[in-house]
Structures are given as C-alpha cells and as structure tokens.
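Here it is, the structure, as structure tokens.
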Amino acid sequence: MYKTDIRGKLIDGEEKSLSQISQEILAPIDAKTPRWWYGAMAISLLMFAWGARSIYITLTVGIGSWGVNNTVAWGWAIINFVWWIGIGHAGTAFSIFLLILRQKWRTAINRAAEAMTVVAVFCAALFPLMHMGRSWLFFYVFPYPNTRGPLWVNFNSPLFWDFVAISAYLLISASFWYFGMVPDFATLRDTNKSKIKRAVYGFFSFGWTGSSKQWLRYEGLAFVLGGIAAVLVVSVHSIVSTDFAASVEPGWHTTLFPPYFVVGAIFSGFAMVLTLVTLMKKLYKMGDFITENHVDAVARVLVFISLIMGTAYITEIFIAWYSGSEYEFYTFFKNRITGDYAFQFWAMFICNALLPQLFWSRKVRRNLWVVFIISLFINLGMWFERFNIVITSLSKNYLPSSWAEYHPSMVEIGFFVGTLGMFSAGVLLFFRYIPQIAISEVKMVSKFNKQQTTHLKPGHHHDYE
Amino acid sequence: MIMNKKYLVGVFDSEHTLIDAFEKALEKGVNIEEVYTPYPIHEILHGMKTKTRITYAAFFYGVMAVALLLGGMYYAAVVDWPLHFGGKPFNTFPSFIVITIVATILTVTLLTLFTFSARSKIYPGSKAEIIDVRATDDKFIILLDQDKMNVGKPEITELFESFGASEVYEKETEKTA
Amino acid sequence: MKTYWRSIDELANPQELRRQEVREESKQKSMLLKGDKELNSASRRDFLKTFGFSLAAASIVASCKRPVEKAIPYLVKPDEITPGMANYYASSYFDGNEYASIIVKVRDGRPIKIEGNTLSSISQGGTSARIQASVLNLYDDARFKGPLKNGEEITWEKADGEVAATLSKVKGSKVVLLSSTIISPSTQKIIQKFAEKQGNVEWIQYDPVSASGILQATKKSFGSAFIPDYRFGKAKVVVSFGADFLGSWLSTVEYTKAYTAARSLQDGRKEMLRHYQFEAGMTLSGSNADVRFPIKPSEEGAIVLALYNEIAKAKGATVFSGAKSSVDISELAKELLEHPKQSLVISGSNDENIQLLINGINELLGNYGETIGLDRPLLTKQGVDADADRLLADLKAGNVKALLVWNANPVFDHPKGKEFAESIKKVGLTVSFAERKDEISAVCQYILPETNYLETWNDLEPKAGVFSLAQPTIAPIFNARPVQETLLKWAGEPQKHRDFIQNFWKENQFAAQKEVADFRRFWDKSLQRGVYETALESKSAYSSDGLSQAASQIKGAASGIEVVLYESIAIGNGKYANNPWLQELPDPVAKISWDNFAAVPVAYAEENGLKNEDVISVNGLELPVFIQPGQAKDTISVALGYGREVSGKVGDKTGKNMYPFVITENGSRQYFLTGVKVEKVQGKIFELAISQTHYSMEGRPIARETTLADYIKNPVSGNEKEAEDLAKAVTLYKEPEYNGHHWGMAVDLNSCTGCGNCAIACQAENNIQVIGKEQVRNRRIMHWIRIDRYYSENPENPKVSFQPVMCQHCGNAPCENVCPVAATPHSEEGLNQMAYNRCVGTKYCINNCPYRVRRFNWFQYVKNDKFDFNSNSDLGRMVLNPDVTVRSRGVVEKCSMCVQRIQEKKLKAKLEGRPVVEGEIKTACAQSCPGNAIVFGDLLNPESRISKLLKDERNYHLLEELHTLPSVSYLTKVRNEKA
Amino acid sequence: MNIEKRGFINSQNTKPSGMKKPSLNLTVIQRFKLVFAVFILSLLAFSALPVSAFSQDDSDEMIDDRSHQEDVKRGERFFKGLLPKDRRFESCVSCHVLTPSGEQINWNPSAIDIAKKFADKDFSDFQAAVMQPNGKKMEASHKNFTIEDTDLKTVKAYLDDLAINGTPKIGPTVNQIVLFLVLGLLITLALLDLIFFKKIKYRFISVFVLLLGLLFQVKMVSEAAIKLGRSQNYAPDQPIKFSHKVHAGDNRIDCKYCHTTAEYGKSAGIPAMELCMNCHVLVREGARSGKFEIAKVVEANENKTPVEWVRVHNLPDHVFFSHAQHVGIGKVDCKQCHGPVQEMDILKQNADLSMGWCINCHRQTKVNFKDNAYYDNYMKLHDQIKSGKLDTVRAVNIGANDCMRCHY
C-alpha cells in the first residue's frame, strides 16, 4: 500500500470541503473570461489560420509545395506527426501507468494530460492525412468490402498498422477522457447558475446521477479500460516506431526503436504535461490542487527517462559502429554526429539527455520557471530527435548518387504552426469550458489529505479507482 | 405508464456518516433503494450487493475480436485475394498480430463502452433521474422507497439523523415504469 | 528484327483521314484532341481531385452525370490500321548534323516513338538522346503553322508567285541558298535543277560546329575533301585529341556501337580496345577513356606533333621541329607502334594543321584502309567555314540579291551572328524554310515552313554508297511543304517530292544494281528496310604534302585561362533547344539540366574561393560556376547551343549563347579561346538544376570495376563481394518463385557510356513528364531511368563510372511491404507493379527503396500552366503513348520494365499460339541503346541472353547485401588500364 | 440545509412538486407525429416529381420578329396536338418525340432529328416530305393528313427554332438534393431538441432520428460516389436509331461481321461507315424505322462525315483492355460481357464494368492451357496438372489478376 506523505500533501492550502473543491475547480468556467485568454486564443486562431491556408495550398497545389523531394520523401509532416503522437502519449501514460503504480498524485493532473492527449492526437492525425499525395482517397486504407474485387489492404504495411493504432488511440483516449468527465459534467449541470450551461453540460453528462449502480459499472469500466489501455500505451508508439524500424533505411532499421520510441513519447508527453501544468498553476491558480509536489514528481520522472533516452542514443551509436554496416556507420558518424545535420543531433542530445539532469537538484525542481523552461527545451529536443531520425537517414542512404538535402518550405512550416495553434486553441478551450481537474477523483483523494483516517477500518481499505 | 412514487431521502454531509448510517440501516434490514454519492465509495458499492459483469463482457468481446480479426485478415490476405508483397508468404502471421492487438483493444474499448452506456443508461440524451441535485457536489444521498423499505418511516428518519444525516425529507415523484 | 512497311497509297489518303485516325482511338487512354464533351470530363476529374470525397455529396446536389463520350468510326477503314494497335515504319533521321536509320512507331496515326533500325550498318539499331527526342519536335508549338510574309499569314500560291517574280527579277545576280549539310542525293539534284533555272545560285552548306579542319586536311592529304570512315571496331588502341566521338563528334551512334563492341567482354571475350583521351573538359568520351590526359586546347598541337615525331622517328620518317609537348607521349607512341593497322588516332580540332599531322600519324601507323576507311567517307558534315565568312562579306557588300535559308541559323550559331542579322535585313529577298521559330527567320521576309522529317519523304546518303529512305508517318500537321517541292516549283518542275525521289532512285540506285529487276519491288524492299547499300571502291591515295608546313605552324601552349566550347550531349548545337525533354536531360557528366555553365577545375575553384552556383564573368559574360572534377588546369568549359533568343517557350533564354566566343583561325572556326579574363561576380548566385550532388561512392560496392589485367587473371575480380553476400544471405522465407516468365534485365557497365539515350527513350515511351528547372533543382526529376555518375581517385583527373539505375524489380521488394493500400504488389512474372490509380501517395515506398528509383508526382504536370512544357498543349500531348497512363498528381510512379511492351508481345505470341521468342520483347531503354549495354529478357528461359549474362562472373546485383533479390543485375566495369 | 437557499435551480422534474401535466406530453407526441407525417409526405412528393420539371426558355434575342415568334408558338401547339381544335389525326409529337426515348426505342424520327434535317431546306421540301410520304412505313402513318399550308408553315418555323435552340433541357434531379437537405435539417433539429428544447419526451426518438438520418446521408453519399465511376444500364440515344436487335437478332448478322477487329485488335472496332453500305446499298427502308434512319447512313457516306456515335462501354483511362486477349485468345463469348445484344433495340451497358466484375471473372474463367503453345513456358503449372494438384488452370493462376495486366 501507498503512503501519501511520500509525495507530500495532495491538496495544498486550507482544508477544503467537497463543495469548495467543486467550486474552485469549476471557477474558470463561470468566471469572466480573462483578457489573456482572448489574446492567446486570437494568436492561436491566427496560427491555425496559417495552418489552414497551408493545408489548402497542399490540397490544391500538391505536396510539391513542400520541401520534400524524391530522396527525402518525408519531411516535417512526419517529424511533426511523431512529435505530436509522442506528446499525445502523456494522457494515457499518466492515467494508466500511474494508476497501475497506484500513484494518487495523478488525480490532479490526469484530466489535463488526457485533454492534451486528445488534442495532440488530433494534431498528429492531420499530418499523415495531409501528407498523402491524394488525401481525398484516404479511405482506401480501410479494409472495407468494395467493388474492386474486393481489393483489401496490405496488412504487412507498418503504415496500415499505424493507421489502425492511431485511430484506435484517438478513439480510446477520447472516450477515456470523456467518460472520465461525465461525473464532472453532472456536477456542473447540478451546480451551475446559467440555464444554457446547465442544458449543454446536462446533455454532455449523459444522464449521470451518481447512483451506486452507475458508480459500480463505472468502476468496472475503468478497470477494463485501464487494463487494456495500458497495452495500448506501449503498443501505439511501438507501432509508430515500426514505420521506421520495419524499413531498410540505415538508421531506421533497428530493433531498439519500439522501446526507444515509447520511452521518448512518454518523455515528451510528460514534458508537455509539465508545461501545461505549470501554466495551469500560474494562470488559473490551481496551485492548491497542483502542488509543488506534483511538479516535483513529474520532474523526477523526467530525470529518470532522460537517462534512458541518453542510453538509447548512445546505444544506437554504439550499434552503428559495432554492427560493421558501413551504411549505418555513415548515417550515425558522418551524417548525425558530424556532417550537415550535426546541429540537430547535438540539439537533441543536449536537450534530451543533458539538460534534464538539472532536475537532480531539488532547487531546480521547486523553481517553477526553471521547470517550465526545461520542459520547453525537452519538447524542442524531442522534435529534433524526430528530425534526426527522419531526415538524416533519408537524405543520405544507400546510393550516394541520390543523396539530397531537405529544406522545409513555408507551407510545411505553416502547417506545423497551424497545428501548434490548433493545440493551443484546443487547450485554451479546455481551460475555459471543461473542468481542468477531475473533481470526483480529487474529492475522493481529498480524504487522504485529512488526518482523520481513523474512521476507515482496515477491512474497508480498498483501492478503488 | 406513469405512476407516482413516494420516497424517503436521507442527506449526509460526509462519507463517514453515510457509511455508518448505511451499514446500520442494512443491519436493521432496511431495503435501500439507491445511494447517490459524488464519488465512488467502496463500502456502499459493496453493500448495495449489485454486481457488474462488465469485465466478463469485456473479456468476451476481446476473444470475439481476436477471432474475427485474425479470421478476417486471413480471409482477406490468403483466401480471398492473395497478393505478393516483398517476397513474403501470403499468411504473414506476425504482421497480423500487431493489428490484432491494437484493433482488439479498440473493439473491446468501444464495445465495453457501449455496454456500459446501455446498462447504466449513460448515453447522449439520456435523462438524469435526479433525486437531489447536491448528490453530484457534496452530499451523500440515501434513497428509500416508502413502499418497500420494510421499516417504518420515523424509525428510519431517527436512524439517519442519529448517524448525522443533515436532512431527511420525503419526495414524491413520477417514475416511468 | 522484323521489318515493317507502309503502303504507298497511304500517303494518297487525304489529310482529313489522318485527322480522323488521330481522333478515333486517341481517347482510349491519352488526353488528346478532346472534344468539348471530354473537356468537361477532364474538368470533372479535376474537380474530383480538388474536393475529393466531398464531391460525392456535391454530386448529389449537382446530379453529376458521367460525361458523354463519342466514338467516331472511320468512313473508310485503311487496311493496315487497327485501332489501338501500333504500326512501325522504317525511316531515317538527319537534322544536318546527326544521322540514324530509325523505325517510327505510329499509333492511331500519330508517330509516338523512335526506335533504332538494326538493319542499318551505320546506326545498327542505336539512337542518341536527341534522335529519341526528335519525335517531340514534331509536336512543337513553336513550329510555323503556315507560310508567313513579314509575320503576316500568306497563302502558298501567293508566296510562290511573289518569290518567283522576285527571283526572276534578280536572275543573273547572285542568289544564295544557305543550308545545313544536305546528304540527300535527290535533294542535291533538285538544288541543281533550281540553280540551273535561276542561273547564278551559290549553294553554301553551313555547319554550326563544323568539321572544316578535317575536310581541309583530307583535301591536302588525299586530294579531295571528305571525312574518313572511322572504324572503331577494328581498333585496339584509340587516341583521341579532344574529339568527343561518343558524345558529339560526327557519327556518335555508329562510333558508340563499334567502340562498345570492341570493349565488350561478353561471351568470353578477353581483349579490349584501349582508349586514350586528351581533352580539356570532361566529355563523355573522356569519362569513358582508360587513360585520360587533361590538357589545355592550345597544347594539343604540340602534343600531336610530338606524337607524330615519336612515331616518325620509329618509322624512319621525317621528324619536324616545333613547339614542345607538355605531356610525355613516349609510352603512348610505343603502344601505338605495337598495334600497327589496329590503332586509330583522331582529333576534334578544327585546325587543319593538327588534322594534317593526325593524318600523318595514321598513315605512318598504317591505319588507312584498316581502322580508317577511305571508301565510304562520312558525308554528314560538309560545311567549310570559309564559305560562311565569304557569304557574310558578300551580304555586307550587297552582292547577294536573294537569300534562301534552309535549316541553317547563322544568326544564332555563327560567331558573327549579329552581323549576319544586320546584313540579311538589307537583302532584297530573304526566304526562310525554317520548320520552327529561329533567329534567322525572325529577320527573313518570307517564312515558307518545311515539313518535319516525320511528315515527309526523303532519301539520305550519310556515307558514300549507304543510302537510307525516309517516309512520312503522319500527314503534315500544319500547312507546311517540303522545301524540295518548293524548289521544284520554283525550278519550273512542280511535282510531288515522293514522285521525284522515286524517279531519281529509278534512274540512279535502281539502274546501278542488278539483283532486283522490278523497280517496284526494289523500291518497296528498300523502303521496308529503310536502308540500301552499294559497294564502293576507294580511289584515294595518301600524300604527305603540306605536312612540314603544318608542323611549322603548330603553336605552343598559350598562357592564361582558356575557354573550351563544346556541344553538350542533350542540346548539341542548340537547334532543338525548344525540346523540353532535351533541356531536362541532365548532362551525363555534370548532371546539370536546363542551363549551360562554366565548368572550372577543382583546384581553380579552391584557389579562387568559388562554389557551385557562384557566378563568374568570362570576358564580360556572366556564367554560373560548376566545379568539374577532371577539368584541365587553367581551362573552363562552356557548352554551345544555349541562350537561344527565338526558339519557343522552352528554349528561349535558357543559358547563355557562347557562339560569339568562337574564333576563326586559318579559315576555320576554333572552338576555344585563349587568354580569357575571368572574374568572380561577388555576391551573385545563379541556381543550377543539378540532379546529382554527391560524386563519391564512399567506398561502397555500387558501380563495381576492375582492370582488364585483373579480370583476365580472375574473372571475379572487382566482384568478389557478390560471393560473400550470397554466402551471408539468410532468409526466413522461401525465395519467390515465378510462373511462366520472370522478366529481368542486365546492364553491362562496361558497355554503358552514359550517353542518356535510354533516359529519353524511356521518357518518350512512358509519358514521363517534364518538370522544369526549379523542380529538377529541388531533386524531383521524373526520369524512370537515371544514370548515376561517380568519380573516384584524383579529383584533378578522376576515374568516372556510369551506372544506369532503374527500378530493380526486387523479388523481396522493400517498397511493396510498406504500401498500406496494396498499390504496389509483385506480379506473377517478377515485376514490381505500380497501380497508379490505387496509390494514395504516402511516399513510404519512395523512402523504403534503397535504390531511390521511385518518383512522385509532386504537382499536376499535365495541363498546368505552371509547367508550360509539352504536356500543357494539345499538340504537345499528341506524343503521349496511349498505352501508358498519364499519371496524376499525388501518385508514385517508376520503371515498369515497359510492361506495355511485354503485354503487347505476349498477346501477339498467344494469338499466334507460340511461346514468346527470345529477343522479341525489348524495353525502350534496351531497344535503342547505342552501347548494347542493356539486355532484357526472361530469366526463366535458360536459353535467353539474360540467363547467360546472369552466369557471367562479372554479374552482380546492386546492394546485394540487403537481400532484395533484384531482377536487374549489373556487370562489372573493366578498365583497360596499363598495368 | 435549505435547497432554495443554496440557489439550486429547479430543473425539470427535480423539484418535488414540479410535476408535468400529462396532456402536455400528449401534445408533444402529436406534434412529433405531425412533423413526421409532413416529412414522409414531402419525401413522397419529391420522389414523385417528374424528372424534367423545367420548361424551355425561348431565347428572344435570336429572332426579333414578333409574328415569327407567334408562328413558332403556334407551330409548337400544332406539333403538340393542341391545334387545330377539330384535329382528327394524332399529334405530331406522339410519334416524333421531343425527349429521348428512354428504355423503349421509338422508331419514328424524333422532332430534333427532323428539325435538323429540314433546317436548311425550303418549306416546299418539308411539305413534300410530310404530305407526300415515301416509303411504306411513312405512308401508313401519314396517309390521312389534311394540314393547312399555314399550319404546316408554323410547324416548320417551330422546327427551325428547335434546330437552333435544341430540345428542352433536362433539369437536375431535385428530389435527391431536397431529400439530402431535409435529412440534414432533421438531424440538426434532433440534435437541438436533445440539448435545448427537449420537446420530445422519449429521447431515444431524437437519437434514433439523428442516427438514422446520418446513416441515410452516408448511404446516399457513398452510393453516389460509387455511381460516379459506374454506368451499368447506360443506354444513351444514338444519332442513328441503330438496333442491334434488328441486325444481330432478327437478321442474325455475326458480331464480328461489323466489329471486325474484336479478335485481334485492342478494340472491337466500331464499323467504318462504308461497311454499313455493304447491305444498305440495297436495304434502304426498314420495316419499322422507314427510310429516315437509313438515309442518315447513306448521307454520311455521301458527305464523308462520319457519324458520331455515343460510346456506351467506357472504361476509365487507367484501364487497359484488349478485345484480342478476351475474344481472340480467351474465346470469351461476346454475350458474356455485353449481354443479350441481339435483344436490344437500344444498346445498353450490361455489366457494371467494375474492377470486381473483371477480377471475379478472371477467378472463374478457365484457360485454354493445353492447346495454346504459348503456355508451354508455364512448366510449374503443367507439372501440377500432371501430378493432379491442379485440375484446371484458371486465368487467375497465370497472373490475370496482377495489377499490371490492366493498369500501366
């Protein structure tokens, strides 16, 4: 069994009644929308508009408007796809892994993480769709009975696996997130003053009453979903990694990729969670629920994962040398560590393997600004990691005659900025309209915050999430 | 068909008082209609004696999905229209595993969700049968059907109040049967 | 090789019939001559592409219906035409420069592909890139649509009347017919007739890049001006001084055929011709040479003289004193002396003195009559440079009353082009017979366009006694007329050109032979074969007159930087600069398309801080820099033929015109310039469309090579890795088995000269789109077969390897596994298939192809004003092969091993109830390869040529260690270096 | 604690006393029923709408003369049998139709055909043609005609007008669009009701309407999408009323007599116009069509203007199909793909020509494996037959379903 004091208090500040918890968490929904929100939203929408324009150009003019070529056929689109998917890993990782590890402190963060997951996976899904030469025929990927024979799909293709995995991940993480919110919507429905809000949230609460029958099935559902989604967390990014690992490209064709990608995804996801959580803490005064201890815990996880990342990088390089394959050797030693793309490699290495080591220091972990900046750097480093994987391997592969450089075009950059805008707009909407913290779960753990655990009899002491 | 029902509603302020009252009432043989709480309380779920077989359903879905997926892929790739890809045999079983895992998870999740929705009546447009609106905020509600509660009303009121119920009131509502 | 012929009556069919033929089946696949209805369909499809699936909803709203397509039958169906089936007609190509006997593939009335005619003793079934691309010239928008007078349309009758009137007015005064070299005996007769009628006619043949030096030298050595018949096939040692005989010098296809045959090591041959090359820039010949000496062009004379002296010394002939050679040629002389009668020394110089010394060397070595024939001189270049200069003087002096220009364009390609333009404007009557826009037509009064060579009859005599017939394969598309008919009309003998040729042959060729008694049969047979040869005897005898004078005039090396002007492989002398296929063909050595550039030596670039795409000013002309390994010290090479002003939308303003740099010395034009002032233009960048940026193989076993000595010792030498890879190959799965056929290809790297013919042949056959300079620069070239070029060893004089790479049709194709939508599975016959219509464009296959042979349609290249090349006009799209789908935006494409040809021939075999015959099916690249480097066949047939090549010790598969099991294999290149 | 004091809002059914009157519920149901009925009725109404609902626009700019315009209108009325009032014979339009004939062939020349034929001819020619019929068929139908010259002149004016302006345009099929939009509206309404109005008590009805509407829309869209590339049963009107039934059925002319290249060419070949004349040099009048249609063939030959047939069997551009392979080598009967052509007056596309149709035929069709020496190469299959592993070789066994058999 756990001891809550390992992580410090779960809820800071004065002792809160249940009703206070509801009110404080739901405050942003009823509060006047702050000015900065409109500003941020406007910027996000502008970014999104640029992205929409880029997509429009891509659809009407063609992928030729990008910087990709016959040698480097995947560019920013795939880098960004993997990056977003990685970020999108945090939600499920938080909910599932921390649930399995019985970490109570996740309750304050998992809602935000899951929301971020859904938005990030949406952003991610846009890239493979739009980078298709004929994206309007994307439905060819579905193995549906058709009038062509029927002509099925290629079950060997990692892209098909990817397609299945991403759609599954999107659907599952979205429903996981949503069903987690149903009791909170019900709270909103029953406590809000606005008629419209009551109606809307009432609709979204799907008829939740909080009866014991509902809670019972809800618990069962959480148990089942949690159990299988844990597999998903590992499988999705493993499958994304097979896009690379199952190919013959030097630097891609490696069995290290699945664990490396999964860990990397959790790394970037946690970093993004940290970014968001620090923002929530500052902007929405959720400091009582998201305590320094929470930030500290995430930072500790990050420092651990960072070590794994560093090991992975070094392993890759070692294997490239040890394998004796001249192609692998060239890719790692002449096109990553040195060569045209050395900057990207070292940016990755420093941001991901070295910088997070600062988290060993408690002082750093407790300084919100430093944590925030490091989390941004990790996000950046993870982007560079994907750049390294995608571009360096493609640009110089087997036949030197076809070696070519890759430079992103404004359309590609615009597309990426567009998804950043979409992400931030999504997150802003989440801040504004959805309970940022899982109210019922916080209420449930709030009792562990109090010192009056005497009431609980040993026989009754269960874990029930 | 619409008929009116009379209920007795006990309102509690804390989980502990609720559990105590709940267990006492059960001891006394009170037939408790339903308990509404802001978060799940295991003692209650246990005490209400309702069981969920959602986990079994999920397992069944999983088995079904694995069989269907493997069968479907085998049919599509080997039986219906075998195509040569990269010198591999038609039956590329290892490739099928990947899809089977993920698609099974998806199927299980979705079907379990639908099952949950159907059984718990949690679906878009479903109407909440709210007994006391505070039950989703900070109150713990015990609901008793006056026709079926086995024990007299004053007795129960006294019992609840003795365990710290903040309020006990009667409620008459229509219920579609 | 089967022969094909067309009935003579065919030509009698009216033009309308042709149009109908074109119309009839063109709708099968291509996007040609669409009626309004079909245009609607196209717009519907574009709509679909833009809005995609949402269209379906829109279709409900718009109640969109399938477009109505029309089927228009013949009124009278010609016997030989089956809709949808191709006909092949023997014909000949000659553009005033290059000759080849060809077979024209005509599909539904449209010539769509040029193939080589194997019956020709000259081209032997080979073609060059320019000949392959010539079919597109037929469908060039820049062609004149009808006769013009001062830019206004005019009828033929009126034009004829006016010109005839003017001509009769100036009868007696000088009339000049300025033409390219004309090798048609019947046309020469016609010109003669015209001259007789007109009186004072001077006929000047003008070659932009002439062989004047050779002609003058042979005149002195043999008494008559001619170009000898160089027989590379008989030589053991070839020494070339600046003559790019594989690329642009004289009869390249013939030379390539003979050269590669003499170097082939197939079928157990163990000896090879050895090739020495002295040159400044890295030419195609130089890159294939076994020993290459980078020299300044001004050094050439002294080296030739030294070589002459060395040989003369050994032979006891007179030795001349003169400038000192900068290269030690004693070893070379020794080797030449070891191979008397089996060596061949040539020079590309236009300096009569050098050519005289070359003649002297060849005579001393006893090469005449052996490796150099005198009985069949080459007739394709007859222009003497002095004639053009005299014409200019005459024009300036106002001596010329009328000027008729036929297939000559001195305004562009003469060093004094501007002066030509100015003085031509002053002539009383100027007529241009130009087929398409050019600089000289722009200053002529009348433009009486001639027909394209594919629209007209002709007879040619490329070599003395070797005749070749050309026949029309399509009725004239525009209101054009053969010049021969025009001249006949003006000569007062109006008749059909065909009738004239037939009569001419009846009187001459037919009369001179005895085998065939009936002229009709003689004619039909000749027409069917396309070629006809008679035996001739040489009467020439060598005389060493003028040799000592020539030796005394040899100058030593000049100091300073020299500019070398050369004809590029693709553009040549610039005549067809408006051909987008040629513009986009990367230079085989520099791998640059769409521009000419200043090729500078590596050391020079380092010294002066130059990078690729920097700009230098060469005697005031700004040129982009390209650092060319192997470029001789202190030299800069720049291609001629670029910088056209009036050629059409594609050719105009691409590159810089270098013809004004040509100087005239000793009466002939010299294609190099000494003492050039070169400056870097600071801060300026000129983007070049470079399609290969990495030169080195990085030590990888890609284009494998060995030396002849090693090869004889151990045939596996250079290819040791193959056995190693095969030994290491392990697989989980069974290796794929094929049923019926397994198509494969072998490329003998020893025979590939890198000429680029295959790339254009493939482009014509497979509807490959032109994408323009910017996209080539973006590394998006569409060519299905690319020729990789690698340098090794010393960058100042590197060894060069060429390797054509197309889809390898791997048995374990990595691309197939990764396509999610099953758009590229493997066929039962070993082909790596690509179903364009299924492709959604994930581009994963491109990434997973270790050979990088897959091409993506980054844009809509057809009917897109942003890509204003041949596919943007109805006329230009006539060249499309109806059997090959025109790919849309967003799909991947790649080499299909010409599956349409495989299917066609399989169908034929099935109809005839027989197995496919070995050699029956040839891919476009293999069919016309001048080096016979590419062999296609059935790997399941143990008797096939390819199965035998596969057993050759030199055979290997590219990137074998990846165990992709390619169906394409390569044969190690063997260099005949001196041990 | 006091509920009211906490500011709880009484939502539906939450207040202990807040009970609804049953009558209200009934009205809601009734309203719903009403809406539903209206919807069903409108659906029926739209699907019953005639396809061509729009009348022809006369372009007045073409002819200024008002009396001429009146002539045209009178002529139209006459042609359509509205004039004269005491008409004893059939209206012109009853035989000479204005719109395409549809499924059944109408042997009589259509109005536009006649209009075009006489557009550049004098009235006298027209009059002669109408009033002094030539040929048995025409004599039979025109024999009792008594038409005033003035009337006939207006008819000619009308026909000339028709020749210039063409037949009335066919309007789009509105019913589908409306159906789609109505469905969209219903979905929106259902959604709004679910969230805000809550007028319908039984929520599953809204949910049901929502889902059903969406499903139906998806079905419409996907069907339309599939139809885009298909045209089974396509039977366009041809410029000449050529009946395969008459030629191939009644007169038993072999398919390959006209479609000469079917056995060795890529296309079966649309016969050259001269081929028609092999028979029609003699046969100048059809039993049902009279002389009008055959005259077109003769004219085409005389004027050297080929007939522009409407192509019935269209394969997409990216499909290669060779008749030689199927007819010449595979010996596939024409009927197998083209259907009972000998029974078709108007030729109609029999198969859907979908890829699946091709593929499935290849899976079943047996290959003439032993007799054609071409297949000698297929050693492996021969061995399998010998060893009894394979009883017959089907097209699919020799790679007929490879992509690059048809797509390249």
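Lettered A, B, C and D in written order, each chain numbered from 1.
FYI, a contact is a pair of C-beta atoms (placed from the backbone, for glycine too) under 8 Å apart; a residue touches a chain by one contact, two chains touch by 3 or more.
Fair warning: this is a prediction, and the values are worked out from it, not measured in the lab.
Chains that count as touching both chain B and chain C, per the definition above, are A, D. When the C-beta pairs in contact are tallied for A-B and for A-D, the bigger tally goes to A-B.
A separation of 29 Å divides the Cα centre of chain A from that of chain B.
Averaged C-alpha coordinates put the centre of chain A at 53 Å from the centre of chain D. Once the centre of each chain is set as its mean CA position, chain A and chain C turn out to be 57 Å apart. Shared contact sites, meaning residues of chain D that touch two or more other chains, fall at 8, 11, 194, 359, 401. Residue positions of chain A touching 2 or more other chains, listed in rising order: 149-154, 156, 160, 190, 202-203.
In chain B, 81, 83, 85-86, 88, 123-127, 129-130, 133-134 are the positions where the chain touches two or more neighbouring chains simultaneously. A complete topology is adopted by the chain contact network, contact being made between every pair of chains.
Interface of chain B with chain A (complex): residues 15-16, 19, 34-45, 48, 50-52, 54-55, 58, 62, 72-73, 76-77, 80-81, 83, 85-86, 88, 92, 95-96, 98-99, 101-103, 105-106, 108-110, 112-113, 116-117, 119-131, 133-138. Those residues of chain A whose C-beta lies close enough to touch chain C in the complex are 59-64, 67-71, 73-74, 128, 131-141, 151-154, 156-160, 163, 243, 246-249, 326-327, 330, 394, 396-405.
Against chain B, the residues of chain A that register as touching in their complex are 17-19, 22, 143, 149-156, 160-161, 164-165, 167-168, 171-172, 175-176, 179, 182-183, 186-187, 189-191, 202-203, 205-221, 223-225, 228-229, 231-232, 235-236, 239, 242, 439-441, 443-444, 447, 455, 460, 462, 464. Looking at the complex, you find that chain D touches chain C at residues 172-173, 176-177, 180, 220-222, 224-225, 228, 231, 234, 236, 260-261, 264-267, 269-275, 300-301, 304, 306-311, 314, 316-318, 320, 322, 324-325, 328-329, 371-378, 380-381, 397-399, 402-405, 407-408.
Of all residues in chain C, those touching chain D in their complex are 16, 20, 25, 28-29, 31, 48, 53, 55-57, 59-64, 66, 68-77, 82-85, 737, 739-741, 823-825, 827-829, 831, 833-838, 883-886, 896, 899-900, 903, 906-907, 909-911, 913-916, 938, 940-941.
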